[in-house]
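Structures incoming, each one as structure tokens.
You will see two complexes here that share subunit A, one where it goes with subunit B and one where it goes with subunit C.
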Partner chain A sequence: MSALLEIQNLRVTFNTRHGPVTALDSVSLQVNAGETLGVVGESGCGKSITALSVMGLIPSPPGRIAGGAIRLAGEDLTRVSEARMRALRGAEMAMIFQEPMTSLNPVFTVGDQIAEAIMLHQKVGHAQAFRDAVALLDRVGIPSPERRARDYPHQLSGGMRQRVMIAMAVSCRPKVLIADEPTTALDVTVQAQIFDLLNEIQRDFGAAIILITHDMGAISEMADRVAVMYAGRVIEQASADDVLDHPQHPYTRGLISCIPALGKGDTELREIPGVVPPLHMLGAGCAFAERCAHRFDRCDTEKPSLVDHGHHPAACHAVEEGRI
Partner chain B sequence: MTVLLDVQDLTVQFALPRQGLFGPRPVLEAVRQVSFTLEQGRALGIVGESGSGKTTAAMATIRLVEAASGKVIFQGEDLLQLDAEAMRQRRRDVQLIFQDPYSSLNPRARVADIVREPMDLMEIGTPEERRARVTELFRLVGLRPDQLSLFPHQFSGGQRQRISIARALTTNPKLLVCDEPVSALDVAIQAQILNLLARLKTELGLSYLFISHDLGVVRHVCDDVAVMYLGKIVEMAPREALFDAPQHPYTQALLSAAPSLARRKSRGYVRPVKISGDPPSPINPPKGCAFAERCPKAQEVCRRVQPVLEPRGPTQVACHFPG
Partner chain C sequence: MSASFLFRRLVYGLILMLGVVVLNFLLIRLAPGDPAMVIAGEMGGGDQALLDAIRTQYGLDRPLLTQLGIYLGNVLRGDLGQSYFFNQPVATLIGNRIGPTILLVLSAQVLSILLGVFLGVIAARKPNGALSGFVSVVATVGYAVPVFWTGIMLIILFASVFPIFPVEGMQSVRLRGAGFWVKAVDIAHHLVLPAFTLALIYLAQYARLSRASMLEVLGSDYIRTARAKGASERAVLFKHALRNASLPILTVAGLQFGNLISGALLVETVFNWPGMGRLAFESILRRDYPTILGVLFFASAMVVVANLLTDLSYRLADPRLRGKT
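Right, the complex of A and B next:
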């Protein structure tokens, strides 16, 4: 069975004042219908660039898709026209952004904004689209949706705005829904509501969800499969259970053990020393070597590739040679 | 154990814009009769969602926001009664770390000057002593002395937070107020700063008033935890009691909302406590319990009578139906 969305060896470069840098380097990911893929990593590791590449929203210039393919139901998105991309965007795939306030237009009511998205992709009039918008607001759990549809974004709370974004994103029943840190700006009780809503919507519509997050706890609750990214590469990929219970790459192990868990206190957290290296400073070896406790000479000279070394795919020389 | 800080019935009010030209000025009560004590060498966490008043309560404690009423007894002296000069002298003992290490450091000053400035203002030591102290603090927080002459933009977020911590420690404070000190940092960097704060607490015998929305972080750093909702403390307990046997339905909801590695999609978890909606507006707080509208256990009495903090085992809880 071929995946609904398949990214193959995607390479994205940016021209910067430090010269051209590779933001994504041979990234390969797949998502099936009805499945949630969690993409996890620190800021600057390429999570959002991956999402924007799929949506065809990489600012170009300075950005450029320099190689690879993104196949949505077999169609390569890196080769389609801008007009075709516009037809797909919103209808076949949609994105929920981090900050709902800046992603909504402040001078239109939320009902009109959802109706606009519906009218763009379906042959319906405004009155019907507005009725659909109200039904969607009801579906995403907004109380008194008829009244709220006539509200402007500033009249809604952060959690309600994110619900509006979700209503807009699912208005055309997309096959792929990308959620880029959808709850970072929200309080934890509201975050739980949004996560539960995304799971419900997936059950109803059968959409594939790509959840981008830095939070391993969110991965645990939401994801079926996980891709861990570091410095523009996927360094580990497997089912959520495999990654969380048997992490292979030292970076993944670090990400899991550095979370202050609710279940225990007082023990010292295992830290990952240092920071993510800037992309223009990446050398010939493993990008994580500087911060890695298992570093040996091979790590400085040769980039590890994502290969299964027994358990599931991980890009690490130390794992390959059985040193960890 | 000696009590370092004893806050009693602290209330903070903000006047809102006049309604109409001659209308009344409504008052928003951001912090409502908050009381807590902090012992020397311990850390008290204040948790709550945005708008719960946790930051305002801490800021009023150290008089960065003026309180409407209440007492803040710090080492036997009511800070709210001190005149400006006496309060300025007290500030040696009370320092602050902010949430955003990008906006809390002067971008035009070298970091050595940033860290030294509190000593200049308080006229502590000779210039040589101040310089030596800056170098010593740099080592203490895990920075290298050869980085002293750099500017803030040359450091990462985690390093900047180390600089903020060094600056806060220059005057040898007894109390450190930490306002969401790791919220702006990546998870891997959060662990570095949390370990540093835990080490400094033991080595220097510091006390923390630690504000955070992240229960995992609070559990890691704090000995006692107070949970705030709409300006009031709804539950206060030693760490173990709060996390193992939360009494207030809001605390239970917070704990079940926080993402956890123990809940796995593949195992079909169901969130134990679900709450809907947002907190009510603090401008017209409900007459009864502020949480009643969202509470799964709410009865008629909850909407009528405001519950008060009452002891229940090691915990103090403000709820008609705790447990």
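Right, the complex of A and C next:
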């Protein structure tokens, strides 16, 4: 059986003042119904571009899907009309954004904004849609939802707004829910609540969740499977347990060693030295080579491909040759 | 919207009007020219005795501050005085002419906002497209061209080349005694050219402003959210974006209202529109102080009311401002 959402060899390019750059290079991901796929990586790795590609929201121009396929229940989203995409967006697939403070329209009440999503995809009037919106606000744990539905975004806290975003996203029971760093802007206690809520929603609605994050801690709490991205490519992909317990790629190892552990007496926060290279500066070799402790001559001349070298797929020459 | 906010703004407005009356009075007196000379001139010239008699009759021989006190007292009682030239109460003169001016100014305001914002929005949709460039050119030209020139060009065009719009006055003489709707259509027909002339310069400003404002709003996160919901491009533009982009447009619309009234003065003169503008123009030439002051009084009142309405509509459009003073 094929996966609910299947991304195959997706290639996305952007025209920039440095000329065309490849933001995503042969990215392949799958996610099944009821499953959570974690997509991890630092800023600029292509996580959000992957999500926006699925939603058909790549700003174009300058962005363009240059190759590959995105199949939702077998339908290739890179080939459907804009009208068909509009019908799918919000109904079959929905997205929760990183910034709850700016992602809601300041001049409409939150109830109206949720009701709009409902009315766009279901044949109901405003009164019914608004009642449904109130029920959804109740479902995502907003107290006195009747009153809150008539509030404007600026009257709600960040955590509440993210709950509103979640209510809006699940209002039409989408098959795929993409959460792009849903807790980055929130404080830690609220983060845990939002993750609990996403887990409950998934149990209730059976949605596939793609959780985009740079936080390995979030991955260990939420994800069934993990794809690690670096500079527009997937460099490691496996079950969450495998990735967390037996990371292969040096980049994944680095990310995991950055999780601060309580009670181990660590006094310093660790980090991976260096930054993600700008996309127009990528050379012929491995994009991570500059920052890698296991770099050897092959890393500078040949791009490693995502192949299983014994444990699970990882794109690394050092792993392939048994150097780590 | 709180009642106390409204009350406070009304009180501010009244205080402002009082200041405007005093300032107008003093400014007019500072300007060169002597009404007694003009009146005597109209009477066929005269000697010092006649001039003195005229000055005594109109109270112009008293100290300036005494005159101001008398005038203020009259205004507070609702009496704007007697026109030197028409020998009628100023309130009556203005009452007969304020209607056409309000009609012209409001038509121009509505026309310029609707058309300007519409052009700005469609230009913002494709900021690098041909239409966007066209709107920018029209906006720049519209902004640069003086209003009397546009008026005269339109008169030439529609008087001789395409005689489809009347180029003078507000009503056709031959329709005297016709029914209400016939008259209304006739006035609307006469209104087209003056309203368009007056609207053009502001239309250009609204187009530029709304294009810039829309471009800024269209890049925001909540627009992406609206698209992610599956909203149509039209709903994204005219519902989600325009409502937010309208806030700076409203501000400018309120501020422009005063300019619109002074623009109306020129347009009324060019098109022989029987409004307050021509009355002001004629009164200034004749040094008809009470009439000039009356016209300024009403024009200022219109601006104060327009600003109050802008404040209120601003709060209506942006929920974040409600509850604030």
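A few points about this structure:
Here is the rule we use: the second predicted complex is superposed on the first by the 317 of 324 C-alpha atoms of A that agree within 3 Å, B and C clash if a C-alpha of one lies under 4 Å from a C-alpha of the other, contacts with A are read in each partner's own complex, and residues count from 1 in each chain.
One rule holds for everything that comes next: contacts are C-beta pairs under 8 Å (C-beta built on N, C-alpha and C of every residue); 3 or more make two chains touch, one makes a residue touch a chain.
Note that the coordinates shown come from a computational prediction; the quantities given were computed from them, not determined experimentally.
With both complexes brought onto subunit A, simultaneous placement of subunit B and subunit C is permitted, the two fitting side by side without a clash.
Remark: in the superposition on chain A the angle formed at subunit A by the CA centres of subunit B and subunit C amounts to 80 degrees, rounded in steps of 10. Contact with subunit B, but none with subunit C, is seen for A:R270 once the two complexes are overlaid on the shared chain. By the touch criterion stated above, A:V307 is placed in contact with neither subunit B nor subunit C.
More residues of subunit A are touched by B (comparison of subunit B with subunit C).
In the superposed pair of complexes, A:A223 makes contact with subunit B only, with no contact to subunit C.
By the touch criterion defined above, A:M281 lies against neither subunit B nor subunit C after alignment on the C-alpha atoms of chain A. By the touch criterion stated above, A:A293 is placed in contact with neither subunit B nor subunit C. Put simply, subunit B and subunit C get as close as 9 Å, counting only Cα atoms, in the superposed view. Touched by subunit B in one complex and by subunit C in the other is not one residue of subunit A. By the touch rule above, subunit B contacts subunit A in their complex via residues 49-50, 156, 158, 186-192, 194-195, 198, 213-217, 219-220, 239-240, 243, 253-266, 269, 271, 274-278. Contacts from subunit A toward subunit B in the complex involve residues 36, 42-43, 141, 143, 157, 159-160, 187-193, 195-196, 199, 214-218, 220-224, 239-241, 244, 254-256, 258-266, 268-273, 275-276. Subunit A meets subunit C in the complex at residues 55, 57, 86-91, 94-95, 97, 99, 102-109, 116-117, 120-121, 152, 154, 165, 168. Of all residues in subunit C, those touching subunit A in their complex are 220-222, 224-232, 240, 243-244, 317-320.
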